[in-house]
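To keep things simple, chains are lettered A, B and C as they appear, and every chain counts its residues starting from 1.
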Amino acid sequence: MSADVTLENIWIRFDDFTAVKNADITIKGGEFFSFLGPSGCGKTTLLRAISGFQELSEGKVYIGGKDMAGIGPNKRPTALIFQNLALFPLMTVWENITFSLEVKGVGKAKRLKRADELLELVALPGQADKMVNELSGGQRQRVAVARALAAEPEVLLLDEPLSALDLKLRQHLRTELREIQKRAGITFIYITHDQGEALTMSDRIAVMREGTIEQVGNGNMIYDHPETAFVASFVGENNAFHGTVSKISAGKTIVKTDAGELEATLTEGSRLSTGDKAIVFARPESMSFVNRKNSVKNVFKAKVVYQEFEGHFWHLILSGPNDKKLKMSVINSGSSHDYDEGTELQVNVNSKLAVALPSGPLAAE
Amino acid sequence: MNSASILKFFISFYIVLFFAYLFGPLIVMSITAFNSAGFPRLSPWDCFSTEWFGVLVNDARMMAGFKNSLIIGISVVLVSVPIGLAGALLLAQLSNRVRQVYYTLTISTILVPGVVLGISTLIFWDRMGMMFDVDYESFFYDGIFLTIIGQSTFISAYTMLVFMSRLQRFDPVLEEAAMDLGATNVQTFRKILLPFLKPAIGSAAVLAFLASFENYNTTVFTIVSESTLTTVLASKVRYGINPSISALAVIIITLTLCGAFVHEILKRREQAKELALKKEEKTVSVKSASRGLLSNPVPMMVLLIFVAGLTTAWMARGYDVQQCKIEVSEEKRKHQAELSKIRRVEMEKKLEAQKTDTASPSTVTTKKAAPGTNQYGNIFAPTNLEGQVESEETNPVTKKNTENQYQNIFAPTNLEGQIKSENE
Amino acid sequence: MILWFKKFFLRNGIVLSLYMLLMTFTWIVVMFVLPQVFMFDFSFRFNWTQIDPSKIGGPEDVYTLQHYKFLLFGSPNNPDPFNVVDVTVFGRTILAAVFVTLFDVILCYPVAYYLAQVAKGGITRLMMLSLIIPFWINELLRAFAFRILFGEEGTINNVLLYLGILDQPIDYVRENIALYAGLGYAYILLMIFPIYNAVESLDRNQIEAARDLGSPWWRIHWRVVIPFAKPGITSGCTMVFMLSAGALALPQIIGGPSSLWFTQIIYQWFNTGSNWPRGSAYAMSLLVICVIFVLLIMKVFKVKFGEIGR
């Protein structure tokens, strides 16, 4: 069973700062939903509010249409997987997994059986009698998932559960988590600061900054059509060209920047008008080299500083106008080759892929 | 030899001296328990004997006190462990400013002199008893009850400190995890927090019992008409001493060493377990555990003492205490006779007195040498010491009553007169 | 306040909240604070229980300062300007407690430092246990041991006489040497552990850095280690001072006849003297003076109360 989670105008204030500002969002039942943002953006606080550990200053949480006000964490149909997993160190694996049944007074035989089933589900058969400390990081991860699932929650909340693992394991567990979610068919709410995790696993993503949800959408939307400067700079890599809007036409704009006049697309409902400060964001892969001099539009000069080879891509670090550092990625096809340091080149920004957004704070490097 | 090595030498020397100071008194006391002489001493050594243990066991007052001490100790554990736990749990949830005040109050219970705690407890329950007009048989005036309450006042702070240090290592997220999985507050407490605190509960209980068992300052006021081992000991030690107290010390020291031994083993085992879990290298930890048991100094110490005890017991086989005593007293008699011979030459006049003195020591008196009858016992005999006190005492009351014994100085009759004169 | 209670109950549930609050309330208020208040009140009352119990609670049961006056000036027909005996004993008790405290600091600092910074692994463990074991043994038995050692016919005199260092036995009890040695012994642990805890948290590199800069060992201690260990030292001193000033068993057993301890006077008012209010007044005075003394020391050394305790 899965349930919708609705956050209605939620504010969470502490003594000296506001952790969550007016969060208003509905997460559909059975959805894999991620909150993505840098540390301190309020995403964990929001998660604790959903699970019932954090009191709200304003607003309401509905799970399955039911108002959760005054309902303690032990009474909510949610299960939380903590950042440090919070497995009980004095219990065996099976005792950990069936803790939620134990507190309900389920008999031992039944619990042992359920533990075996769940261990099967998370691909850890035969480990029931081990102590938690005897497991590796990845195994513990699975035990934590099994323990949460044993409670038969309608919503599973995950607080950066993969952050302590090494890269290979992390990538492996991503797909596994996604599969478990599909099999269990329940709502997953996932918290992360790792955009790769968010993009690969989620149905939808909410990007947060300083307590505010900046944009909600699927991975593709967030990456290709960022709505704020922060989202554009936080999700994926982006080159930012600061400037002023000089011309606006249907869905397009021309922004005057250090790199000359750049043409870029406007987001839907953009409120940019002539004379506004704006930033043009161009993804590394949306830039290309041009040889012919006649192509004047969206072209500027840049020098190669150094380059990295990453198999399917060449990554080039360039020094653009006013010594601006730029990053550009070129697909490794037959025609591409390496450049010497200091080579001067003409760079073109694809105006269809470049986005012009109102000036605003960027993600920290 | 350069200055650094001289310094090193001095430091080692100092450490050795320090530990000699720490253990010397205990060792000397333990040895005196086995000297048959009526006064606890190392030299002159009379005979090896275990008779003082018998004297101790047959001492009804001591045994009654011991029983009360046990009852009180166990009750104090039952009172102060839950209180200390509640205190530590509450401390963790207080805001910073309140916590300061609260902590100061709790620590004050340790810092306030035990005498003051005893007195205030006694007075408080006495006044309460008066307020509720209960009779003297009720617990308001019961020495055991008052002692349990009085001791628990500061022992709870000890147990709280034990729990505090354990709680510092507790990850509160575990509690949240349990709650999140549907456990109620009580279930979380019972299934998550209590198992984690189990070792601390054990050490707090031991600490509380020991602190209660050895307490004197508070107990002496709250015990009223009852007695505990310490109050019996105190009155015994104050008014004449004999080696049966040393015998008690031997028993307690032995128990303490055994306790330390068990504690050490348990701790080692726990550490080895933790190590094994952490490193996932069982073979290594098992090896170190077995090696650790041999290299561990404390069990070695206990083992040595045990071996020493066995050897003495073996050597004592076929050794006749009575025979030895007769020899010793014979020797003493001879010595005395010689002395008196010399004195006879020197002082003819005191001959008669000396003769009655030397004639008396027989096997019977040495064996049952109660303090005061033995020639050495006189030094610490009450009359002797009190005479000194009396002469030095400058209290105005004493001045008036210089003929009186020291005990009478504060005798009720005496004081009552004084009080009356004041109140009038 | 109400909000706090609401949150507290919400967080812990009714059962645990009540357990925590009732237990600590009973402890702090009923067992500790109220008895102190009652004792304070009692110290201002006449000793009706002994004189005329029927007057308790009657119109004549009023407050009086007579017990405090008695402590300061003695009985009305006392010829001296103040109560020479009690005031002298009071002052001497405080002074002796200070002396014992200083003795313990000097005695214990090197050992605590050695344990914390020099000794390694197994040795530290053994030394720690050796420190603790004597304190598991009854205080009275320890006092008894000192009596055996320091008696006129005691072990120390016997040894010194045998070695020919002395030709006359010394009466250590009369000279109070036995008492000071016993008191110093009794509170070693309370002095070592706070200092040990403080010194242990000192980064060894700091000492090494000072040594590198050519500081002699005494200057390293004076300028680096001791300032760092100050909270621990003060904490230890506070406890040793309070406990020595409030000691009763040791002065009773190995105290010299010339040096009555103030607690002994209190004891006498309670037991043989049967004047509880006066005993309370004396106890109250001891408590107040000791607390003031300790607060002063903390103020001088700028240590907060929260830093005390293990």
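Keep this in mind: a contact is a pair of C-beta atoms (placed from the backbone, for glycine too) under 8 Å apart; a residue touches a chain by one contact, two chains touch by 3 or more.
Values in this document were obtained by computation on a predicted structure and should not be read as measured data.
Peer 1: Quick one: most central chain, C-alpha centroids?
Peer 2: Answer by centroid distance: C.
Peer 1: What pair of chains is linked by the most C-beta contacts?
Peer 2: B-C
Peer 1: Taking each chain's centre as the mean of its CA atoms, which one is farthest from the centre of subunit B?
Peer 2: A
Peer 1: Please work out the Cα centroid separation of subunit B and subunit C, and write it as a whole number of Å.
Peer 2: Result: the chain centres lie 17 Å from each other.
Peer 1: Where the CA atoms of subunit A average out and where those of subunit C average out, how many Å apart are those spots?
Peer 2: Subunit A and subunit C have C-alpha centres separated by 61 Å.
Peer 1: I'd like the Å distance between the centres of subunit A and subunit B, where a centre is the mean of that chain's Cα atoms.
Peer 2: For subunit A versus subunit B, the centre distance works out to 65 Å.
Peer 1: Can you pull out the residues of subunit A that are in contact with at least two other chains?
Peer 2: Residues 72 of subunit A each touch two or more of the other chains.
Peer 1: If a residue has to touch 2 or more other chains to count, which residues of subunit B qualify?
Peer 2: 184 - these are the residues of subunit B that touch more than one other chain.
Peer 1: Return the residues of subunit C touching two or more other chains; collapse runs of consecutive numbers into ranges.
Peer 2: Expected reply: no residues.
Peer 1: Contact residues on subunit B for subunit C in the complex?
Peer 2: Interface residues on subunit B, with respect to subunit C: 7, 11, 14-15, 18-19, 21-26, 28-29, 32, 39-43, 82-83, 85-87, 89-90, 93, 95, 100, 102-117, 119-124, 126-127, 130, 149, 152-153, 156, 161, 165, 184-186, 189, 210, 213-214, 216-217, 220-221, 229-230, 233-234, 237-238, 241, 245-246, 248-249, 252-253, 256-257, 259-260, 264, 295-298, 376, 379-380, 385, 388-389, 392-396, 407, 409-412, 415-416, 418-423.
Peer 1: For subunit C, which residues are in contact with subunit B within the complex?
Peer 2: 4, 8, 11-13, 15-16, 19-24, 26-28, 31-36, 38-39, 42, 46-47, 50-51, 56-57, 66, 70, 74-78, 84-85, 107, 110-111, 114, 118, 122, 125-127, 129-134, 136-149, 151-155, 158, 162, 174, 185, 188, 217, 238-239, 242-243, 245-249, 252-253, 257-258, 263, 266-268, 270-276, 279-280, 283-284, 286-287, 290, 294, 305-306, 308-310
Peer 1: Given the complex with subunit B, which residues does subunit A contribute to the contact?
Peer 2: By the definition above, subunit A touches subunit B via 51-53, 72-75, 78-80, 82, 84, 86-88, 90, 99-100, 102-104, 131, 133-134, 147-148, 150-151.
Peer 1: Where on subunit B is subunit A touching in the complex?
Peer 2: It comes out as residues 171, 173-174, 176-184, 187, 191-192, 195-196, 277-278, 280.
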